[in-house]
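Shared between the two complexes below is chain A, which has chain B as its partner in the first and chain C in the second.
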Partner chain A sequence: MLKTNKFIQSYSHIRNNTVSKNGTLLFENASEAFPDFIKAAYNALDTGYPKFFKMDNLSKLAFLAADVLLKEIPSATNKEQNIAIVLSNRASSLDTDRKHQASIANKEDYFPSPAVFVYTLPNICIGEISIKHRLFSENSFFIFDRFSAEHLADYTNGLFLNNKAEKVIGGWVDFDTDTYEAFLYLVSDKGSIPHNKKEINRLYRL
Partner chain B sequence: MSDLKQELKAKIIEQLNLEDISVDTIADDDSLFGDGLGLDSIDALELIVMLDKDYGIKLLDPKEGRKIFESIEVMANYIAEHRTK
Partner chain C sequence: MNSVYVSYNNIVSSLGFDSPTVVKNVADGVSGISRIADKNISPQAFYASTIPTETLSGAFESLNTNGSFTRLEQMMLVSLEKVIKASGLALDERVGLIISTTKGNIDALETNNPFPKKRAYLSELGTLIKNFFGFKTEAIVLSNACVSGILAVGVAKRFINQGKFDHVFIVSGDLVTEFIVSGFNSFQALSNKPCKPYCKYRDGINIGEVAASVLVTSEKNNLAAEAVQILGDASCNDANHISGPSRTGEGLYRSVISALDEAGVRPNEIDYISAHGTATPFNDEMEAIAFNRLGLSEVPLNSLKGYFGHTLGASGLLETIVGMHSLQQNKLFSSLGFEELGVSQPLNIITGTRAQELNVFLKTASGFGGCNTAIIFQKIKR
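Showing the complex of A and B:
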């Protein structure tokens, strides 16, 4: 396993109708379905990015979880800080893939939506984060059967050891039908939580 | 024509997911792209699909959309002249 002397500077969770950062609850709305919940969270967290409403569910989830972490870093300096993004999930872009498939299933009513089609890749959510925060950095999206702290830690350390990034946002962002979960963390020189498999797993399960 | 303009405004807001914009806040001569409603290239493709699906108008050259989608006024005039449904 590759090793570096880096730290988890901050982390965020979006799950069970809650948004939290570093274990502190930022927003909760227990009674809402995902579309209403994420819209309410967007408003409550003062996100101020109207293109959010054009995104698919996976991108909204990833975007908001990342925004919570990146808000603390001035966007004008993001390029210089070279923040890479390494995300993963299980369902890929299946939620949007199904919507696209439904729009092309009937040859007599064949009107696929370009706005849906553009989200039929899971890594598009990284693009949405990068556009908002002006990141021009390395990025990767992996599909796993389950959350893999080891793979994320190894890949992140590889980026650092090869001088491909000064900071890395890593994590898991998964959306499929009625289930969703986001866990993102920012790895840098700052912080008190060592960046390793054990700590990533611990924070994921918080 | 007035009904068609109102219909277009409502369709654009709904289909392009324009949050915090209502039918009343879109003027007939507002630019749909750039400094107006701020639509982007994917929105332009959505509008092309909408013309086909709802009004039976097929734009074979996407560049045609640049003029047709200038404003609600221009769009409504084009649809009124070319619609097949």
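Showing the complex of A and C:
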């Protein structure tokens, strides 16, 4: 299979009430449930994007994990860049799907809301990242029952081989009833970690 | 890079359970949309395109299988079985499987649904389809809002180009459910009559359900008669709004530019556009702006939503299949529901099914999250 010679320039994790970048802890708040934890992380990381508070849990998780990587690129905020986004997870948008379903379960108390319904698609979080960072780029959301470094690496290579992206943000952002986990990484021409399945798996498990 | 083709195909829909029957109905101007009064789906009656349950059960029984399967699984299995059989391919490690859907078995979340709630996980759907047919490779589930079905064709093409697979089967499907109808209704996006894409009198969408399947392959021998070559594809984000289309059609514009660039095709070489055309005021206006920016305002264009409704993640694959048959038959199909142009920029809407020599067509789709996809297909010269 055709390969590319790219590198993992940076990576981020959000899990177990911590936010880290390149393996270094940026924020920790051990005592809070997810909604309070992610809000505290947003404040501590100086995110400055009020639209964040309208997002659902999955979008907040993906947005913050991507923001950690993208705000280090000075030009990402003022000059357009072709950074594709390839995300994956297990639970799709089921956390918000259940909320929408609950709003229509009782015919006597029927209150479907467009503000909830719009988040019943996993790729909405890619839209949120794209809006903030002005990324008019390739995006796709895949669902697997577990983290698949192979699929992410192959699809990312395909984007480079087909000249569809200069850089790619790839990874896993999963939010389910009681669990959450984000692992994102930025693939580019720069860096010292080779972009391949083995390294993606290693960084995921760090 | 190898040439990549879309070959054998099937549509399971309100207009029939195989592509030739469905396409014949489209050519005859038959719509699958009807008024549905079903309190289990919506408090008010609504217009939608649904598959008759008895016909589906009959078709599914002919698969002679044991076990219980959801409505969507039955639709997808019936559809994909025909394509696998027609292809004659052995399902070895060089054959991939992509499942594309926006909501999958979302009806499993309903209180009275007999299936376990975990059936709503999309990976369960992927594994079930993989095991049913005995695919040797993992099912790849793609869920990217309303571009899922057409994006899957681009994803398959890229995997074949880079040597991951030689052949990829795609099955795409979505249902008319209470979940979807109530959601679009909360957006006030549903029309209370059959939808009218690009028309002055359009006022929203109809939801539809369908399962569609294709074989994407690099093998030029043994292609279906209506097979087409994929010349170029792209998927670009609007970076504008999560539920409203861009006012400049930015993501769609960029998707088409990138697809044309890869295809080496000029705008004036496009013979036909199979557009998205949901019949909401904003979507259709956005497309008109993008197509005018692209210099495509005179290319014959239709939306097939007047026949099938908006079949969500399956719509792009369904409409690609109809486009393939359109090319093969050298026939432009009427954009059903259209009366008078109701967008601010000129478009050449097809207002009556007619014969025309066709060689290259452009398929586009747009969806929530700001996603857009464009693919250019060419008739195979024989």
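Simple rule for what comes next: the second predicted complex is superposed on the first by the 198 of 206 C-alpha atoms of A that agree within 3 Å, B and C clash if a C-alpha of one lies under 4 Å from a C-alpha of the other, contacts with A are read in each partner's own complex, and residues count from 1 in each chain.
The criterion applied here is as follows: a residue touches a chain if its C-beta (ideal position, glycine included) is under 8 Å from a C-beta of that chain, and two chains touch if they have at least 3 such contacts.
Because the structure is predicted, anything quoted here is derived from the model rather than measured.
When the shared chain is aligned, chain C comes close enough to touch A:I143, but chain B does not. Once the two complexes are overlaid on the shared chain, A:P114 sits against chain B and chain C alike.
Judged by the touch definition given at the top, the superposed model places A:A44 against neither chain B nor chain C.
Within the superposed three-chain model, A:L2 lies in touch with chain C and out of touch with chain B [touch as defined at top].
When the two complexes are overlaid on their common chain A, residue A:F53 makes contact with chain B while staying clear of chain C.
Of the two partner chains placed by the overlay, only chain C lies in contact with A:N157; chain B stays clear of it.
Legend: residue contacts after superposition of the two complexes on their common chain; A:L206 is shown touching neither chain B nor chain C. Put simply, more of the residues of chain A are touched by C, taking chain B and chain C as the two choices.
When the two complexes are laid over each other on chain A, chain A has residues 112-114, 118 in contact with both chain B and chain C. Remark: chain A residues 50, 52-54, 111-115, 118 touch chain B in the complex. Those residues of chain B lying in contact with chain A across their complex are 16-20, 42-43, 45-46, 49, 52-53. Partner chain C is touched in their complex by these residues of chain A: 1-2, 90-92, 94, 97-98, 100-101, 103-105, 107, 110, 112-114, 117-118, 120-124, 126-128, 130-131, 133-145, 148, 151, 154-155, 157-159, 161-164.
Against chain A, in their complex, chain C makes its touches with residues 39, 43, 102-104, 106, 109-111, 120-124, 126-127, 138, 140-145, 151, 155, 158-159, 161-164, 178-179, 182-187, 234-243, 250-251, 254, 258, 262, 367-371.
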